[in-house]
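Shared between the two complexes below is chain A, which pairs with chain B and chain C, respectively.
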Partner chain A sequence: MKKKGMIGMMETFMIIFVIFILIGFGMYFFYKFSVSSTITEAQETCELSSYEKLLATLDLPGLQCSFKASPKDCVDTAKLRAFIDTKAAENVGTQACTMKIVFKQIYPQPGIRVNDTECTPDKMRSPEFPESCGKWTLKVPKEELTKNKAARVSSTPVSLYYPHIKQYGIGQLEITTYTYT
Partner chain B sequence: MKRKAQGGEMIGMLVIIILIIVIIGVYIRFASMPNEGTVSTSVTDLQNDKMFNAMLEATVCEANNLEEVIKKCSKSQDICNQDSCVLMKESLDEMLDSLLGKRLNPELKQTYFFVEIGNKKVYEIGYDKIENDCLNMPNGKYQPKSYEIRPNVAVLTIARCVI
Partner chain C sequence: MEPVFKYIFALIVGIMFIIFFIGFAYNYIGTEENKMSLLLTKSFDDQLNILSIAQDSVMNYDFGAETALSFNQGALRSGSQNSRKTDNIVYSPVNLKGKELIIWTKKWDMPYAVTNFFYMTNKNYKYVLIYDRTSKDFVDLISDPKEEIPEVFKVVTYDADKLREQFNDVRSSYSSFTKVKFIYFSEQPSNSLVNSLENINNAEVISIIPGDDSWQFGTIDFQADKEAMYIGQPMLLGAIFVDDYSNYLFNLEKKALPKLKEITEVYINKASFMSSALQCQEYGLINTQLQYLYNLNEESEPEEFVKTANNLENINKEHFGSECPGVF
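After this line comes the complex of A and B, so read on.
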């Protein structure tokens, strides 16, 4: 009888043990998927908010082309350079998402050597412009904010206006968002 | 006494089976969550709008932009002492190569771009069977976007297959 009782107890403990293991597995999977879905949501929110912020930035009178006081859907490169130099660009984007924002020139194509050259005021005044440089960096995050984070690049074409030569080109607005993997 | 013990084991088994079913249910619920949402669709729309705007505005020769060149091509007139239709094709080749690059490779079956003047295709690049192929894909979303140069001069269309 005593032995039977012991076996019964053992069975009960075994069942409780198995139940706890199963609950543990359930909690593990729940945690794993809820964390991954939260990260995905955060990434999408970052991506969407970066686009929203960017669209708002493109609509800024400080960057947008304007002719006879009416705005046009393009970016004035002279205004863009001035905007970068005044450090106002540091406030573009969100505090929650670490972002890098770059305008790249793609048509007319800059030379391969100058593809990655920043369009400084000197370069923009040179007779070879717009072929003399390839990008305008609006915002670069601090290195410690990008460490151990995955970079995700989103881009959209933009119309670029070169007021010095009164011509239009095509640019690519690249937003790199840094998120935890 | 033995029957009672068997009943207890049965309840234990039932609890385990229910727990397994619940775990599988939770797994399926989270594993089948869609990754592609409205975000990617709205971003693609935005990219298409900005791309058409930037392309048509870009200066192609002297002070003429691509829109002017296409208008001249529709009237079979020269521009900047050149055949406007040849200039249009050369400019589009260069612009689209910079903008879309490898995505225009027909083998990838991702993108198709064409220009119609009077219902006649005067320029096309990319994968022309994209519509049928994309619609036959289980998760394929066919996204065409057109831009009309008024007054009824030409229609530029970009079709993408988003998976």
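After this line comes the complex of A and C, so read on.
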């Protein structure tokens, strides 16, 4: 009688144990699914915000051209350079995702050897400018924030204005967002 | 004994399962709510970022369902969940609950574009602009939808003397609103009127005292010895829609003035660059004024900000031409 009771109890424990294992498995897969859907949502949000950032960056008062205090549809490269050199440039971007923001010069075409050269005040003052350099980096993320992440680039053409030589050029605003693969 | 033991055992295990599943469901609901509120505040903040490009734009933001939002000292929150810091300068009641929100944005120039201010409210709040003979023209101007405050805000204007006469009618007609804000524009606000208005349960009273005839700078009196300056008309409009003194001060000292400093620094750097590239003496002249504006802070007089901005505008207009392009 005692032995039969022991076996019955063992059976019950075994059933409960199996049920717990099944629930554990269910929880694990549910958790995996939930995490992956959250990451997908975060990536989508990040990509969406990069498009918004494209629009907003072009109209930042610290970058936009202005004549007699009225704004015009172009990017003032002297202001862009000045803006990059201030602390305010660090705050450009979103809280949601890691971004790199670069203005690239397309026309006049910079020389092949300098198309990846940053347009510093010295380069911009040189007589060869605008052929003397090729880009203005507004924001570059720390290396550890981009490690093991996929980069997605969105870009838009922009009109660049060089006030010190009173000329216009054509450029490209490029925003790279880094998301988990 | 054995069947009784089995039943007790089944009961304990059953209770454990129920507790586990209920706990799990509660946790899941909490996480989802948290996620939804984060998404809501983020998409709303993104909407503000897009609007910040626009100039003097007004819109009705429809949430599609009853939604509670709060804006307190630069933090945007939905429900009781974590808040999101916003870079936008928002003048609104702290708690906004409803299906729709009215958003108006206006550029703050000093004299170059600094940032956009956002004014928000909903139909539960009423704004009453009070004028006397010293402020009638100005109140007529800002309450005219073609000039300043859009019609959708439904602001009403009252002559101070008439308001005294119709005090009881006014009190009863606005009793259903969450809050009625009385904004008293005057060179010398009447204390007796302010005190009577303050006795209304759902009322808040502020006085706007101009620094000169143009109303471009002056003082906002939030009562109870709480005063703050305003610089430019967009900031004055902010005082109308902001909830309280602390939020106004936060927007002024932690948001607007630092933003002005940031943009001014850009122009200082640009003027220095232009000066070295073109050898024009005019850049030195404008840089002095820019430096002066940069060094002003919350302790400075509002008049100094406006005067310096006017000086900068004149120098930029008059001293620069085709040889030496203007700084802004």
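The criterion applied here is as follows: the second predicted complex is superposed on the first by the 139 of 181 C-alpha atoms of A that agree within 3 Å, B and C clash if a C-alpha of one lies under 4 Å from a C-alpha of the other, contacts with A are read in each partner's own complex, and residues count from 1 in each chain.
In this text, contacts are C-beta pairs under 8 Å (C-beta built on N, C-alpha and C of every residue); 3 or more make two chains touch, one makes a residue touch a chain.
All of these numbers come straight from a predicted model, not from anything done at the bench.
*Asks:* So in the superposed three-chain picture, is A:E44 touching just chain B, just chain C, both, or none of them (first/second/both/neither)?
*Replies:* first
*Asks:* Should A:G171 be classified as contacting the first partner (chain B), the second (chain C), both, or neither?
*Replies:* A:G171 contacts chain B only, not chain C.
*Asks:* Which partner does A:P121 contact after superposing on A: first (chain B), second (chain C), both, neither?
*Replies:* In the superposition, A:P121 contacts chain C only.
*Asks:* For A:V18, is the partner it touches chain B (first), chain C (second), both, or none of the two (neither)?
*Replies:* A:V18 sits against chain B, while chain C stays out of touch.
*Asks:* Quick check for you: in the superposed arrangement, does A:A78 touch first (chain B), second (chain C), both or neither?
*Replies:* After superposition on chain A, A:A78 lies in contact with chain C alone.
*Asks:* Kindly classify A:P61 by the partners it touches after superposition: chain B alone (first), chain C alone (second), both, or neither?
*Replies:* A:P61 contacts chain C only, not chain B.
*Asks:* Could you list which residues of chain A make contact with chain B in one structure and with chain C in the other?
*Replies:* 8, 23, 48, 55, 166
*Asks:* Looking at the complex, which residues from chain B come into contact with chain A?
*Replies:* Spelled out, the residues of chain B in touch with chain A are 5, 8-9, 12, 15-16, 19-20, 22-23, 26-27, 30-31, 33, 35, 37, 39, 43, 46-47, 50-51, 53-55, 57-59, 63, 65, 94-95, 98-99.
*Asks:* Quick one: in the complex, what on chain C touches chain A?
*Replies:* 2, 6, 9, 13, 20, 24, 35, 39, 42, 46, 49-50, 52-53, 84-85, 87, 109, 111-115, 262-263, 265-270, 273-274, 276-278, 313, 316-317, 322, 325-326, 328
*Asks:* Could you pull out which chain A residues touch chain C in their complex?
*Replies:* Result: residues 5, 8, 12, 16, 23, 27, 38, 41, 45, 48-49, 52, 55-56, 59, 61-62, 64, 66-69, 71, 76, 78-79, 81-83, 85-88, 91, 95-96, 121, 124-125, 163-164, 166 of chain A touch chain C.
*Asks:* Within their complex, state which residues of chain A touch chain B.
*Replies:* Spelled out, the residues of chain A in touch with chain B are 8, 11, 15, 18-19, 22-23, 25-26, 29-30, 33-34, 36-37, 40, 44, 47-48, 51, 55, 73-74, 106-107, 109, 154-160, 166-172.
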